[in-house]
Each structure stands twice: as structure tokens, then as C-alpha cells.
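Okay, so chain A shows up in both of these, paired with chain B first and chain C after.
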Partner chain A sequence: MAQPARAAAEGSNIKRNGVWSKAFNAIARKITGDGAWAYAFIAVALVVYAMFTAYPVVSAFIISFQEYKPLGSSFIGLENYKETFGDSLFWKSIRNTIIYTVLTVPVALVLSFGVAILILPLKKWLQTAFKAVYYLPVVASGVALSVVWLWIYDPLPAGILNQFIGWFGIDNQNWLGTTKTSMFSLVLMAWLSSHGTSIIIYLAALLGIDNSYYEAAELDGASFFQKLWHIVVPFLKPTTLFLFVTGIIGSFQVFQNAYLMTGGGPDNATTMVGLLIFNNAFKYFEFGEAAAQSLVLAAIIAIVSFLQFKFAGKDVEY
Partner chain B sequence: MAKKFHVLASVLALSVSVTALSACGGNNNGGSAAPSGSASSSASASAGASTEKDTITMLLPPVSANYQSKFDQMAADFNALYPNLTLKIEPAGWEDITQKLDTQVNAGSPPDIAFIGSDGISKYMDQGMLMDITDSVTPEMLADYDEAPLNYMKRGDGLYGFPAYMSIQSIGGNKEMLEAAGVDWKNVQQNGWTFEEFRDAIKKGTVTEGGKTRYGFVFAVSGVTAKDYLNIMIKNAGMPAAFTQDLKFAYTSKNYLEVLKGIRQLIDDGSMPKELSSIDAGKRWNMFLTGQTMITGKGLATFENSAKQNNAKLEAKDASAVADSIPVEYVVLPMPTFAGQPPVSQAAVDGYVTFRGKKEPTPEHKANVVKAAYFMASGKVMAETNSELFVGQITKSAKEAAASLGGDRDPDNMAAVDVLQAHAAPARPDIPADLGAKVIKLEDEVIVPKFQALLAGETTPEEMYEAVKKAAIEEFGADGVVQD
Partner chain C sequence: MALFKQHTISKPLLYTRNTAIVVVLLAFALATLFPIYFMVISSFGDPIEAGAASYSLWPRDFTFASYKFFFDFSEYSFRWLLNSLIVAVSIMVTNVVFASLAGYAFSKIKFRGRNVLFALLLSAMMIPYQVTQVPLYILVVNIFQIENTYPSLILPSLVTVYNIFLAKQFMGSIPNEIIESAKVEGCNQFQIYTKVIWPLSKTVLAVMAILTFMESWNTFFWPFLVTNTMDMQTIQVGLKNFRFANTTYFAPMMAGATISAVPMFVLFFSLQKYFLEGVTVGAVKG
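The block that comes next holds the complex of A and B.
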């Protein structure tokens, strides 16, 4: 190497070393001070996040440009995205997922809110008992719940739901076997189960509203519904927004019910995008396409969440 | 604050969604991925005759009722035969073996041997994770097997394991009801029947009494089992495989449409329940044992044993007998044939499939894996298992070992199974793995969903046929499909 070039390189190394050394000293000062324990605690969460969230996300991003094979993947550019956007089943699954979300999330919020309002005036032990009852399906095995629901949806006249509708003179229905009823069956299942978390969050928020507001309203002669509309609903807006956003994110990722109850059928009428991604990844080993689809789904969820905050969260204070 | 929260929320939403795919994010290159035996045997001397210690890993489901309880004995017997070799068996349930195996395969560290259906070979071969054992198998081993089932374990020129049994999938009837409907079942067992004869028989077998209907025929078609029903039917309509001998996709043939029309007719006749699309395997077997159907499918040889066991419980007034069940004599029956085509039985060949890890297996380890697979898929081990399953032995060594085991099989059913086996669809190792994988996806994404709609009366046979044809042409090209 020529002399001047070598000198320049050495100079640059010294400068770089100086920068590193300054940065190191700054970090060392921070972690040897009172904040050392804080950094240690943060590190645990950070490592877990990096391993189980950040790494898989980055990995999925890379795989989405590959034809994945255990013995060596190959880069195929945007081919997986082209496949995804050109696949009519992908769009059908997005449509199904949106229908499912629109039908389940708002109703689930109203039901949870209603139940929380009903539980609120009860004595504490009774509140706890109801909370436990409503939370039970959350901790119960999804497979076990599905078995019960399959029993309820038995297509023959002896089926529980068919016997019930038979009392009203309605013919027995092939609940999970026709496109007319299969989506409704999954929606009904969502309506009648797993509101435990939302109920508990709503209840906690309701208990946080100061009694003085109700007392003042009562002095003004407000009715129950007026109090509900003018006090409870505004105070619960941040909670509702939180449950709405997380509910939609969860609903977009719905997989288990469709997988266990219908397998996506009939005629792909209940194929949700989560199920499609699962099938592509774990049934057909098309991990690249599955990764691309999951990133597209993530983008859709991000856009929907952004719009929710923009329009529904305008006047929400945190 | 609000703006920051928006950004944070969006990032979290992205993370949460993409994390759903976390299991896909395996590292292609890192980690020790070879099967346990590969590494340990890498320093071994000569192939086949090596006396270096080696461990062979297996992932095995409960093939028969007592199969998994014999693992320790199997491992001990194998070790006695080959003192330097150890069998390490991981048991799995039928419901989770595919998931377990898929996870291990995609991590690049599958077991050396897994018990799976031969129809799964294409999928794993396409991943490059199967081990071709052609050069490690001895002529004596090959000579032990019946040719037809052994061919199911081949793809191209490669052999990817040993078959355990060849189980014929057909249908089965209630002897008393068949006779009441005037069906000469012995003649049918030996000479088969046409679709028209079958349709007429199940019409006669459908009886409505007191507002309750006993159906002539119920087949489990809920979910993926729909594929079984359709595949069993179309084999008898001149389409023994998804591809013709010149590798053209066969299900665009006009005979396919005839089968679809026939299947719909059986429901429209009232001989099959209109809710058929939601009836699963457990439900239809319950319907058979409780006298709600004359014929059921798919039927396996072991169903005769299940029916006999339930009959014994009923006789002993055992409370564990199926609720409301009646004594049933199970009669093995063939599927009907369409449009004058010859009968072809659907054969399910399951067996011990051999896998490789990321590292190339050594010849010594490969030879040891072959020894273990052959040990499990022949002789005493297979004789006992197949006897429990009521399926025929497919190796000379198992036939010899089974001679002393006895059994309680109905001679008419045994003769009927022999006829069905004689008509078993031949294996098609010539179908390339990528075509096989494409067909599986086409079946799952187009054929089965449309078939479910057909069974539910939401589409016509013609519409389904056109949908399948369109998808097939998109996948294989106009020249790649049969156009008759």
C-alpha cells in the first residue's frame, strides 16, 4: 500500500477507534451507574423480543423472497408476491376474513360492554364469580370447545341446534356443510364465546369512573340510558378503542375456528387468510408464498389500525 | 404523543401478524441437523458390514392397538440382532405425527425413519429430505416383498422406504339389510357391480319408518375425507391415477363428469342424506352400527373386527358398546364401476419412509437405517401388526410368521379382499414429485371445495367439472390435460 494511503487509512482507523471508544465509554458510564439494574431488566425483555418477535419478522421478510428448502433456499425476487396477488383464493380469503371481522368484532364489543354493565352493580364476590365464568372459555382448550360446537352443529335432525330450530318449525340445517350457513356458524360461535378478556377490561374501566359523575347526573334527573350515553360511553372510549383495535387485529389472524370446524370449506367459504397461510406453509411447504402472504396481511392490519386511530381515536385522550 | 403512539401501534400490529409465521423462520444453514446416527457413524468403516455403534431414530404412530406398547420389545429384538445398533423410537399420535414430522423436516433434522402414507413421499421428496435407499437394500430384502406395494415406495428410479401393508379402501354393508334389500352380496363380492346396479340396491335399502330414515349408503366426506370418496369412485371410471401413462392430468376426462353426476344422483334419489357433506368418519361408523345406513364407506378390512367387537359387547351387555347400536355382520363390498370401465381398487400403502438430514448420510448409516426399516416392515413385527389390523401380509417373512398367529376373519370377506387386491391401482412411481405436489394442492384448493359444494347441492356436476378443468389447464396447460 502507498505511504499516503496507508497514513490516511491509519488516521481513519484512529478516528473510528476514537468514535467507538467514546461510545463505549458513554455506555459504560450509564450501565455502571444507578441505571445498571434497569438496563439488566430491559435486556431480558429486549432479548426475548429480539429472539421471538424481531428475528421471526426479519426472517419471514427474507423468506418471502425465496423458494424455501431445508437444504438450501434460492432467491426468486418478487415471485411469491406475484403469486399472492394473482391468487384468487388469497383474495377470497381476505374477503372472508373481512366479513368475519365485521360481523364478530362490533358485536363482541357490544356484548362484552353489556355484560360488564350488568355485572357492575353486583356484590364483589358475585362480580368475581361472573368474571370467572365468562373468562373460563378463554382458558379452555380451543379443540375441546370445537368438539362441543361440532356436536351442537350436528347436521342431522338429532343435532342440538337442529332440534332447537325444529321447535319453531324450521327444517334441519347443514350448518357447517353449506356456504349459506357455514360462515354464520363460525360467527355465532365467536359471538357466544371468549368475551372474558374484554369483559374484565371493561369492568376495570367502569370501576375507574368516579361516582361523583353519576351522583351529579342523578341530581340533574338523568335516566339510566342518559348516564350511560353521557358518562360511561365517553369515559370508556379509550378502552373501547383499545379493544376495537386489538379485536380487529385478532380477528384478521383468526385461524383456529376455521381450521377445526370447517377446514375452510365448503367451497372455501370459510377459508380465512390465517388458514390459507398455515396451509401454504405447513401443508404444502410453500414457506416463501406463506411469508409473502403474511407480510401482506401485516400491511393490511397496519393500514386498518392506522385508520382506526386516525378516525376513531381523534378525540381519545390517553 | 398521539403520533408516536400511531407509529408504535402500526409496528406492533405488523410484528404481531408476522410473528404468526415465526415457525417458518428456520435457518437454512446453521445448526447441527443431521440425524443422530449420521454424525456418530461418520467415521465408520465399510458400508453394510460396519460394527461401529450407531443410533437410528424413528417417529412412529399407533399403527395398531398394541403397536406402541411393543416398542421396547422391538428395540430389544433389533439390538439382539444387531448389537452395535440402537433403535430410538419417538411415539406420536395419528393426529400430530404429520405436524411433528413436518416441523422436523423443515428444521432440516427429521428422524431417520417415519411411518407415513406413501402418498406423502412426493411432498418430502420435493423438499429434498428423503433418502434414496436403492443402493443399500440387499436383493434378499427386495425379494421378500410383494411387488405391487413395494412400488408404492418408489419415485422415479429411487426407493424411499419399505411398505408395511397395502390396505384396500372400499365400502362395507350390513349383511341382514343387504339380504332384505335383495342384494346378492356374495355375487357382488366376487363379480362386482355397475353404478346402475349399485344405485338400484341402495334405493331399495333406503327405508323410512316413523319419520326416521335409514339410508342405503353413507360415506364420510366431511373435510378432507371428501377426497377419499371422489378418488375411490373415479378409479372405477377409467382414471386409476391423477395422470395418464403419458403424464396428462386425467380428471378432465368426460368420465369424471359422469362420476360427478352419479354422485349427485345418489343424494337426489334420497339414498344418501342431504347433509352428507358434514358427515365425518366417526359419524358414519356410528350410523352403520346403529342401523341408520345399509352400506358405509370408506370401508377398511379392520372394520369387520370393530363390528365384531361391538357385537360381543352387546351380547355381554357391556355398557361400553356404542349407544343404540345393533348386532351387525360386516360385509366387504367393492365400489361400483362407471361407463363400462374395469374395477380398480384404491390401495392405501403406508410404510417406513427413510429421511436424510442436512448432512449427507454416510453409507454405513444408510445401511443401518435400511436394516432398521426392514426389521420393522417385515417378519414378526409386521406379522403381528397386520394381523391386528386385519390386513394381508405383503412379505414372505411376515406371511410365515403370521401362520401361527391365527385370526377370526370371515372367509367371504377374506375372499372379497383378495379380489379387491387383485384389482388394486398400480403404483405410479413415474409421476414426478413436482407434478404430485401440484395435484395435492389442486385437489385441496379446487377439487375438494367444489366437491363439498356439489354434495351440499350448491353447485352442479357440470359447474364443478368446468371449474376443475379450468384450474387444471391453468396449472398444467391445455396440452397437459386429457381432452376427450
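The block that comes next holds the complex of A and C.
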């Protein structure tokens, strides 16, 4: 009991003097040895981690076995998990998420790979300029972009995209409003949104390939595409795997565009797992079920990532 | 010589090829930049309801009336920008300070439990945010009861594991000899951190500061969860409110979107180098 009181007294002393450096020196003199310094340096990080990551994860497990009520929750065993696996909407959201992922992630990889390859032979200043141009949409806020796309998808004939397809003689579409096109609209938005990050990562990797490999291949009379296939693709495999895995992890958690653009509709055609969990938690306040579903999602992501590393990462060294 | 022939083909052919490449790259760039272009030029239109307006790809009017309309929507519109600024700057500063301190400890100081603790931190990066969102919400709103306050917006992002990892990766490459000689000179660990590590890590910390600022400026989800009074919302949440309240006002919506995005554009153009460096720093080797 004496110690905190002393510390408090010291604290008020320092405040009265108003000299922070004195406080620092007082503390600094008490810390002896590198180990103590190290613990002081990581203290804040550990507290933040314990409070806002570790505790919530443990808590999520507990809540997933409960019927959550603000005043006294009750344990209901595996009921939340049973409900999750028996819920057709949960499976539909998994299906939607997989469709979205399959349509967006590989296309994004191919596009950014292609752009990086094309940037490669250009002069330095052009490389920098294109990097900046392709990165620009990354810094724009997702909410702002979703607002813009909402108007691009305006279902009226005057809508930008409807005007555009009109030039090709295609009829007006109610882009976000029908089950036929709503998922495609979200996918198109992903295709045309920013690939800046992966382009720059690919380009950095491309510039890291030593010229001697190309020279050796040329002596053997290799064509451009042979060099691309036999040198560039294997060399960039770790990069591709990294972008692929992070892309899929990100895509499985996608929430914002579905929430802001379609709200998951129409008829849940664009309800992704991330949005379903959000709705269960913050629209219906079914915290238990939301927690159970989020843990199932975490397990799926972990399994998918593991499989990718096991099968695609076999001959990749890190 | 390289993947592309640069010297072994004739000058005109080289010129034609590179021009063709630039044209292709520009075409795709235009497609990805189009939403931003459309947003900015449309924001200068008149604030009339969409039924009467027709979209144009070229700027026809030039008026700030839609911006005025956006700011008149709520008495807190300016406050949203200020809130975003306060939150983003706070998160930026705390991340740079605490992530660099922890990064230094994890990379250069030997202490008991170092590897276990770091592995524990890293494991957090694999957990999808959906897992923590519900307990975090309960913690902040029901237990701490700090809904609608700056601490509720700042505390969960005070220092992120990603930034600690970034700092550790970089500081690991600082030669031990420099630290040893500082010790011989009589520096304690805190002095080593301020006088040796900090100056040597300036670039990576600048990158960290910028990316962290950008992320918290643009973040929507968490501020949306923990703020329900207009005066405490950030610009991203405010923009969403505006959109739901004024579904037919096209130009003002574009003005709002522009307002929320322009500060980042300005920052990007003035500090481009750090942004572009930030993508690859500590990302992958390969």
C-alpha cells in the first residue's frame, strides 16, 4: 500500500514543479539494466495488445458459447455454432464471398503484374510518374469512392455506365438493384479500383532480377515470352504468393463496399460473410452468433492460407 | 540485356514500342482514375436534385455552391474534419513513438521472453478484425463507457502490431557496433534510443507516420461503430450520414466526397516519395 502512495506523492510533486524532464530523470535513475529498459519500451505496446487484441479474442470465444445479454449472459453450449451451420444465409454469404474472391483476386494479380511488366522498360521518370498515377486511388477514402460509384451505377438512362453501354447498343441496367448484376457491379468496382500497391511491389521485385539471367537466356536464343515464363514468373513466385495470400485474406473480410453500396441486397445477393457478421452483431445485436460466425471465418481463413503455403509455397524460400 | 530489348533494336522501333506501352498504361490509368476525376469535376455543379441534372464528363459549371450545401447540411461539418484531423494526428504520433520504442527493444535489446512476446504480437496480425469487433465494441461502449469520445476513437489504434514489425525490421539492420560505442560513451538505453536509433530511423518513421495517418483518416468502420452523435463523428462517417440524408443531391454528395479525399491528395502530392517508398519498405523481399 505504501508504494502507490509514494508514487502518487512523487507524481503530484512533479506536476507542481511542472518540469517533465525531472520526472523522466527520476524514472530513468530507477531503471537499471537493459532488461528493465526493454520492458519499459514495450510496456505501452503490450498493454494495448493485451487490452485491445488478446482480451477481445479470448472474450470472442467465451461470447460464442453464450446468449449475450448486457446484464448477465447465459451459457448455451454450442447452440450458436449449430445455428450458424444450419443457417442457409450463412452458407449463401460464404458462397458470395468465394465468388467475389475468385472473380477479383486473380484478376487484380494479373492486371498489376501486366502493368508492372509494361512499366519496366520505360525511363526512370516515366516509371515514377506511372507509379504515382496508379497509387493515387489508394489514398482516396473508400467512403468517397463508394459515393462516386453509386452515381456511376445510377440506374437511370442518364447514368454514366448506362450511357457507356448504350454506345454499344446494350440496354439500360439497374446495376445495383437486381440480383443479376449487383455482384458483378461490386466486382467491376474492384477491378477498376486501385492496384497501386501490388503494382509497386511487383515492380520492385522485377527490378531486383539480375540482368545476367536475361543475358544467359538470350545467348540460348530465348524470346521475350520465354524469358517472361522461365525467368520472371519463377523469380516473382514469392511476391505473387504474398500478394495472393494477402489478397484472399483481405477479400474474405470484405465489408465496406457491400455495406455502403448495396447493403447486401438485393435478396442477399451481395451479402458477404463480413457483412453478415456485422448485421448480426450491430443490427440484430446477436453478439453470440456473430462471435461464433467470426471464429468460423477465422478458421476458414487460417485453413485457406495454410493450404496456399503448403501447395503453392513448396519451392518458395523466405 | 534485359527482359526488354533496349539496345539491340533500332531507334524508331524502340520509340514506337515505348509509345505503344505508354498509351496502354495511360488507358488503364484513365479507367482507374475516372471515378476521382468524375468526383472532382461534378462537385463544382449546381446543388440541384439529380432528376433535373444530367451528368457530364466535362466541367460545365464552376460554382462552389455544392460545397456550401454540404457544409450547411450539418452545423458539425467542419467539426468532422477537425475530429478526423485530431484522431489521425494523435494515432500517428503515438504509433511512431511507441512502435519505434518497442521495435528498438525487440530488435536490439536482449531480455527475457523477447521471442515469445514478439511471436505473441505477430500472431495478432493473423486474426480477422471480425473476431475482435464485437468484444472490442462491448469493452469500449459497455465496460469503459467512452462512446463518443476521442479516447474511444484513438485508444484501440494507439500502436499497431504492423508498425512495431516495420520498426523492428528496419532497426534490426542498424549495426550493433554503433549501439555498443554509445554504451561505452555512457549512454543509457533511453539516450541510445533518442540519440542514435531515432536519427538513423528517420526515413522509416516518416513512412510509418504517413501511412498511419492515411489509414486513420480514411477509416470508416470503427468511428462508425463508436460514435452516434454528430459532433463526435469523423469526416468519413459524416459523409455517409450526408449520403443517406440527401440521396438525390448529386453535386453536393460529390463535393462531400471531394472534401473527404482532398487532404490525402494534397499530402500525397507533397510527400509522394514517402508514400511510394512505404509500399515496399518491410513488405517483401523478392
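The rule we apply is simple: the second predicted complex is superposed on the first by the 266 of 318 C-alpha atoms of A that agree within 3 Å, B and C clash if a C-alpha of one lies under 4 Å from a C-alpha of the other, contacts with A are read in each partner's own complex, and residues count from 1 in each chain.
Just so it is clear, contacts are C-beta pairs under 8 Å (C-beta built on N, C-alpha and C of every residue); 3 or more make two chains touch, one makes a residue touch a chain.
Predicted model only: the values in this text are computed from it and were never measured.
With the two structures aligned on chain A, chain B clashes with chain C. Judged by the touch definition given at the top, the superposed model places A:Y135 against chain C, while chain B stays out of reach.
Residue contacts after overlaying the shared chain place A:A205 against chain C, while chain B stays out of touching range. More residues of chain A are touched by C (comparison of chain B with chain C).
Once the two complexes are overlaid on the shared chain, A:K69 sits against chain B while remaining clear of chain C. Of the two partner chains, neither chain B nor chain C is touched by A:L219.
When both complexes are overlaid on chain A, the residue A:L89 reaches chain B alone and has no touch with chain C. When both complexes are overlaid on chain A, the residue A:W37 reaches chain C alone and has no touch with chain B. In the superposition on chain A, A:L120 makes contact with chain C only, while chain B stays out of contact range. When the shared chain is aligned, chain B comes close enough to touch A:D267, but chain C does not. Within the superposed three-chain model, A:P155 lies in touch with chain B and out of touch with chain C [touch as defined at top].
Shared contact residues of chain A with chain B and chain C: 52-57, 59-60, 63, 70, 154, 249, 252-253, 255, 274, 277, 281-282, 287, 290-291, 294-295, 297-298, 301-302, 305, 318. Remark: chain A residues 28, 31, 34-35, 37-39, 41-42, 44-46, 48-49, 51-57, 59-60, 63, 70, 111, 115, 117-122, 126, 128, 130-137, 139-145, 147-152, 154, 158-160, 163, 192-197, 200-201, 204-206, 208-209, 211, 214-215, 218, 224, 227-228, 231-232, 235-236, 238-239, 242, 249, 252-253, 255-256, 260, 273-274, 277-278, 281-282, 287, 290-291, 293-295, 297-298, 301-302, 305, 318 touch chain C in the complex. Looking at the complex, you find that chain A touches chain B at residues 52-57, 59-61, 63, 68-73, 89, 153-156, 172, 174-180, 245, 249, 252-253, 255, 262-268, 271, 274, 277, 279, 281-285, 287, 290-291, 294-295, 297-299, 301-302, 305-306, 309-310, 313, 318. By the touch criterion stated above, chain B contacts chain A in their complex at residues 1-2, 5-6, 9-11, 13-26, 28-29, 33, 99, 102, 105-108, 123, 126-129, 222-224, 273-279, 283, 358, 437, 440-441, 444-445, 448-450, 452-453, 455-459. Against chain A, the residues of chain C that register as touching in their complex are 1-6, 17-18, 21-22, 24-25, 28-29, 31-36, 38-39, 42, 50, 54-55, 57, 98-99, 101-102, 104-106, 109-112, 114, 117, 120-121, 124, 126-139, 142, 155-156, 158-159, 161, 164, 188-190, 193, 214, 217-218, 220-221, 225, 236, 239-240, 243, 250, 253-254, 256-258, 260-261, 264-265, 267-268, 272, 275-276, 279-280, 283-286.
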